[in-house]
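Shown below is the structure under consideration.
Chain IDs A, B, C and D follow the sequence of writing; residue 1 opens each chain.
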Amino acid sequence: MPQHSYGAIPWIGLTVLLPLLGFLVNGTLALVRPQAKRVVSLVGTGVLLASFIVAVLVVLQLRQETLIGPYTVTFWHWIVVDTLQIDFAFALDHLSAVMLLVVTGVGFLIHVFSVGYMREDPGYARFFAYLNLFIVFMLLLVLGSTVPLMFVGWEGVGLCSYLLIGFWYEEKANADAGKKAFIVNRIGDFGVLLAMFILWTSIHTLNFAVIAERAPTMLEAGGPVVTMVTLFLFLGCVGKSAQIPLYVWLPDAMAGPTPVSALIHAATMVTAGVYLVARTNVLFAMAPLSSTLVAGIGALTALFAATIGLRQYDIKKVLAYSTVSQLGYMFIGVGTGAYVAGVFHLVTHAFFKALLFLGSGSVIHAMHQAYHATHAHEDAQDMRNMGGLHRYMPWTFALMTIATLAIAGVPPFSGFFSKDEILAAAFARGAEHPVFYLFWGMGLVGALLTAYYMARLLTMTFLGDNRTGTAEQEHLHEAPWVMTAPLVVLGALSLAGGILNLPAFVGGHHALETWLDPVFEPAKKFSQLVMPHGSTELLLIGGAVVIAVIGLVAGIRGTLVRPIVVAKNAPAEMGFARVLFNKYYIDELYQFLIVSPIVGLSRLVLWKGVDQSVVDGFFVNGSAALMRGLGWLGSRLQTGQVGVYVILFLVGVVWILGSVLR
Amino acid sequence: MLLGPALALSAILFSIGVAGVLLRRNAIVLFMCIELMLNAVNLSFVALAQVHGLGGQIMVFFVMTVAAAEAAVGLAIILAIFRHTQSVDLQNINVLQG
Amino acid sequence: MQTIDLATAGGATLALLPEVVLTGAALVVLLVLSWRHTTAEDSRLAGYLSLGGVGLSAVALAYLWTADLQPLGLAHMIAVDTFRYAAVAIILIATAATILLSLQYVERERLLAPEYYCLILLAATGMMYLAGATDLIVSFLGLEVMSVAVYVLVGFNRGSVFSAEAALKYFLIGAFASAFLLYGIALIYGATGTTNIMEIGARLGQGNIPVLGALGLGLLLIGFGFKVAAVPFHMWAPDVYDGAPTPITGFMATGVKAAGVIALTRILFDGFSHSIDLWQPVVAALAIASMVLGNLVALSQRSLKRMLAYSSIAHAGYLLTAIWTGSSLGAGATLLYILAYVLTTLATFGILAALGRGGERDVTLDTIAGLGARRPWLAFALSACMLSLLGFPGTLGFIGKWTILMAIVNQAHAALGIILVLTSLVSAGYYLPVIMSMYMKPASATSPEGKMSGAGIAVIVVTVGLLLVFGFWPGPVLGIATNSARVLSGAVPSVNALVR
Amino acid sequence: MTAAVFYLLGASAIASALLCITRKNPVSSALWLVSTMFALAGIYVLLHAQFIAVFQVLVYAGAVMVLFLFVIMLLNLGREASDVRGKPAWALAAAVMVILGAQFFAVWHYTPAQMASEQHSGAAVADPLAFFPNNALAAEAARPDDAFGALSASLFQNYLVPFEITSVLLLVAAIGAVVLAKRRI
């Protein structure tokens, strides 16, 4: 019988196997010959390139197939208990194909960047081993055909993230950040586990494809079961994708090396939550309550994190809060039912945020080298120490500008199309549930703030006068080609990423939407979204663009308006009085009416008050302390006296005998 | 047959043994209280053997063997600790704690 | 298929071949050491002989397992089924690993008395009787053989006051608990007129359980609660684990606990399946108390050895949760979880023995700081163990916990499962700092750790390797565990007839 | 008559046991324990277990308790201060004794007939022994003259496996005691 061959698709296992091989080789080298940096870089990036090529071949083949349901490659029966059988199997469908390309592609670029960035680091081999292992787990997460296998990847990426945040382990803060990330994520994992068990008891399967098949018939739409499952799943997403209230770990995670921030904490791992919602879209579509909550949390996070981002001075902290905020947008998308828009923004965000992080990495690299050359002990990440860098790093500056325009949502950059689609979808949903108008509004304000803080970042870093120091200026220069080349590629993607899903009004055909259609088909039965057309659509777009431009202009002018004090001389807190001495009336107005209140709110209330003390101090540290205290009490009972032990023993005896006698 | 009274006597002796374990600090005396508990159990076995046949009586043999074995090892352990602390008072034996 | 009559001496010997072989090996060791019992070489010789004995016993076990024997009528005194074989296999693994880890340890700590190995073998024999007994008399005697041997082993380091104190505490509370267990057996005997577990099950099945039987069941649970170190019968465990020689601590945490849990499973499933309403609440309460207290107190420990002791209490809680289900799936989960726990714990104590000196009481998080840089392989192995204990996906520990959770969910009863997951969450708070300390803290200025012996390395490589391999490919062990457990009658059938 | 002797012996057993746990001197504690054991031996005779009674005197009172006394003398513990705990412990011990006694109270009412009826819920029982047909030895136990023969036959046939395990147990105890007690290995 002639079998359909499926071309390259059966080779999909290679995409995981190759990075695994890389991990094994690099891991061994890290133990036996940590100095072999050439081999490590070759292996580390080579396996990723090979994996990416395989992924491209696989996806090209997938284009030609007309598959119903995913293409599944089963390797072995993983867990077989009674009638439950869970295979170790990969499932390739149009959604996982998109993720596969993003993970291997962006992953490869970031690996290449790391070759330059980490060159001087003694833990070079170890770093690449962890990075390769991360790719393995991320692909398991993306390709796993069942919830438990996805969970292996889910936990694995958490572990790698933990190891990489604490990579520079000499600093205690890093280790603490790693621990915080891990513990917060475990709270989310608890949700995923519970969701798994409810799923299993209610529809007796944990296979994603079968879930999509069975859920519509075996579960009651809008019923308690499906609502509970989705809420627990979303708890996992909140943890992994850093949404309110579990976002606290992500800004701290910036303690790790910058390529890690780019790969794990911006482009791939943190988007796993969005991916999970998209993956189980049928369930979410059947649970309107949960979906509204998803969108609501997303909107709240998008706005909240953006306000905090307004007044950070650490360049990576700004980007971290920006990531939290952008993830919020993705959740608005998937919560609204615009799954394609959510995934689209995930992809474009991977491009421009990776670019931003790597660009900031370039800057930090340059700053660090400059300070290193003059033996100064300044903060290489503080934007107040930068300024005017465009003279020394023209390439980085150009690329960062592209990324900034993309994230701000200026056409024709990629972020414009994806963010616009999300906002339009939220607006459209508003016709059904007015609360979505609120979410749309929050998203719009968030977009304004995004444009503002990104413009501020760009201005403080690259424009104006240089504040690094006269001696240091000699040493500021562009990063080596191995670091700039990935930036150029990402820049091109950020610029042109929009063509993936060009809307009709510019003559596009919604390519991504057509591509992903089979995956989201089942959800459509439960929630149909009528996107705005014609004048409404154009009005929405126009409004969004105007807001982005206002934000950008305000950001640049608001930053340039007064001299910035170098970090070490800066007063502890910015007084409002300073703001009043402005020669531009319009700036004053900006400052006084819009920016100052929000800035004050951002820095004083939200960041210092809520973020740093309430969430961190109370929830994270407080619960840990409470448990430790209880444990200490238990330990006090352990006096070493046999008499005490006997008494407790007898308490147990009396209780058990009483219980069996009833 | 005196089944009920014998079982009751056994229960009372067992409880007295337990009370003794609570009351004493001397490791040897404490161990004697445990022996008392074992004796109480033996009485139960013997009483029940009247109803159920010889199995109960045979059980007593095994219990006696166990008691002898435990006594041999237990007293050796007590001797060993005495060599370290010069005391068998449990109040003085608590270097391990926390 | 071949039937054997367990009432005859020949039949019983055949059925007890692994135990008999192991006892024989112990006698050989005893005989040899009557001539050679002074130097390090003599001690090593005894170790190798014992290892050979374990090997032969394993061969006998393999023979029994493949021979597919069936008892004639009710199994008399000893079970002839796969559940026992699986249990014996786990005990033999624990014994072999303990002997291998001891080879270097006894020389380093100057415990040069070859009786040490003899006692390990005899303790293992006791565990095998306990785990395979179908008669409460055999359970009790097996338990006593095991306990008496372990009392001595705990106090084997005669130069150390810690060792002696640990032995005394273990002995006193152990004998106290034995008395309760024995009283339980007496009352059950009174209620049913038999000590055979299957017969007890058959006779109790005919109506409400009599008061005598209920009391007896409660007393049995107390006795076994002590052996598996379940709260509130756990107080001895931290002190005793702390004071005992480290390989023996490992042996107690694995072998003793495994034998106790397996025996309890068999007794409750075969003997008291009709009284499940009576014992389920008790087992649930013991499990919850153990999980909560074990995990919380472990958080505040500095010494790794004590931390592991509290963690072992928590694991007793997880195991009791599996028993609580009363289903054959739960019994299978028990077996699998024990295997995972045994492998992990043996490796952990092996590593601990390599890290410390003088009983390892002083090995703390600070001692192992920077181990990732000094001893990368050792640090990797310890990390793998911690993750497996935590139940991290990709390790056998995860598969074990997963199976337990499946068994709970199968009973359509989520509360225990939620507590299990939540307390495991808490346990991250003390397992992870170990990893963190090794990789993320600068090394302190302590003396470097000693070299490991080849035998120790072999144990750690094999156990950690199995943990990881079975973590990704658990099919074989999972199949063995669930199939072996099917022979137990199981109090409850699985609730869900599942469609795949 | 039997009942009267039983209650007399029972009362003396309880009294000796109470004295055993409360006497301050370890030596007198041990002697009161011996006294309890003798009373129990008497009760065994009343309960048709003459053979066990003999062993009780020989093994328990004779061998085991002598071992205890020997160690007490060896360590010269007779002159130590009292090891009885303070008032809270007394209250606790009394409470535990009362609670445990109450929990075991149900056993007081047991008669052979009730025991049998519990197994066969409801049926009135005339001859309790008839309800345990599986235990062929039960009938033999009723004939005290051949109890010894029946006991040994049972021990070496039905209970062969546990009997052999006790030999292992004694071996363990012997090795263990030697290892722990020797001054130098």
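Structure notes:
In the analysis below, a residue touches a chain if its C-beta (ideal position, glycine included) is under 8 Å from a C-beta of that chain, and two chains touch if they have at least 3 such contacts.
All values derive from a computational prediction rather than experimental measurement.
Put simply, the chain closest to the centre of the protein, by Cα centroids, is C.
With each centre defined as the average position of its C-alpha atoms, the distance from chain B to chain D rounds to 9 Å. Centroids of chain A and chain B (each the mean of its C-alpha atoms) stand 64 Å apart.
Put simply, the C-alpha centre of chain A and that of chain D have 71 angstrom between them.
Centroid to centroid, with C-alpha atoms defining each point, chain B and chain C lie 26 Å apart. In chain A, 635, 638, 640, 642-643, 646-647, 650, 653, 657, 661 are the positions where the chain touches two or more neighbouring chains simultaneously. Residue positions of chain C touching 2 or more other chains, listed in rising order: 137, 141, 144, 148, 151-152, 155, 158, 167, 169, 172, 176, 187, 190, 193-194, 211, 215, 238-239, 301.
For chain D, the set of residues that touch two or more other chains comprises 85, 89, 92, 96, 100, 103-104, 106-107, 110, 115, 132, 135, 159, 162, 166, 169, 172-173, 176, 180. The touch graph of these protein chains is complete, with an edge between every pair of chains. For chain D in complex with chain C, the touching residues are 103-104, 106-107, 110, 115, 118-121, 132, 134-135, 157-162, 165-166, 168-169, 171-173, 175-176, 178-180, 185.
Every residue of chain B that touches chain C in the complex is listed here, in rising order: 7, 14, 17, 21, 27, 30-31, 34, 37-38, 40-41, 44-45, 48, 51-53, 55-56, 59, 62-63, 66, 69-70, 73-74, 76-78, 80-81, 83-85, 93-98.
On the side of chain C, the complex with chain D involves touching residues 7, 9, 12, 16, 23, 26, 30, 37, 77-78, 112-113, 115, 118-119, 122-123, 125-126, 129, 135, 137-138, 141-142, 144-145, 148-149, 151-152, 155-156, 158, 167, 187, 190-194, 199, 203, 206-208, 210-212, 215. Contacts from chain D toward chain B in the complex involve residues 2-3, 6-7, 10, 13-14, 17-18, 20-22, 26, 29-30, 33, 36-37, 40, 43-44, 46-49, 51-52, 55-56, 59-60, 63-64, 67-68, 71-72, 74-75, 77, 80, 83-85, 89-90, 92-94, 96-97, 100-101, 104-105, 107-112, 115-116, 128-129, 132, 135, 137-141, 147, 150-151, 154-155, 159, 162, 166, 169-170, 172-174, 176-177, 180-181. Chain B meets chain A in the complex at residues 18, 21-22, 25, 30, 90-91, 93-98.
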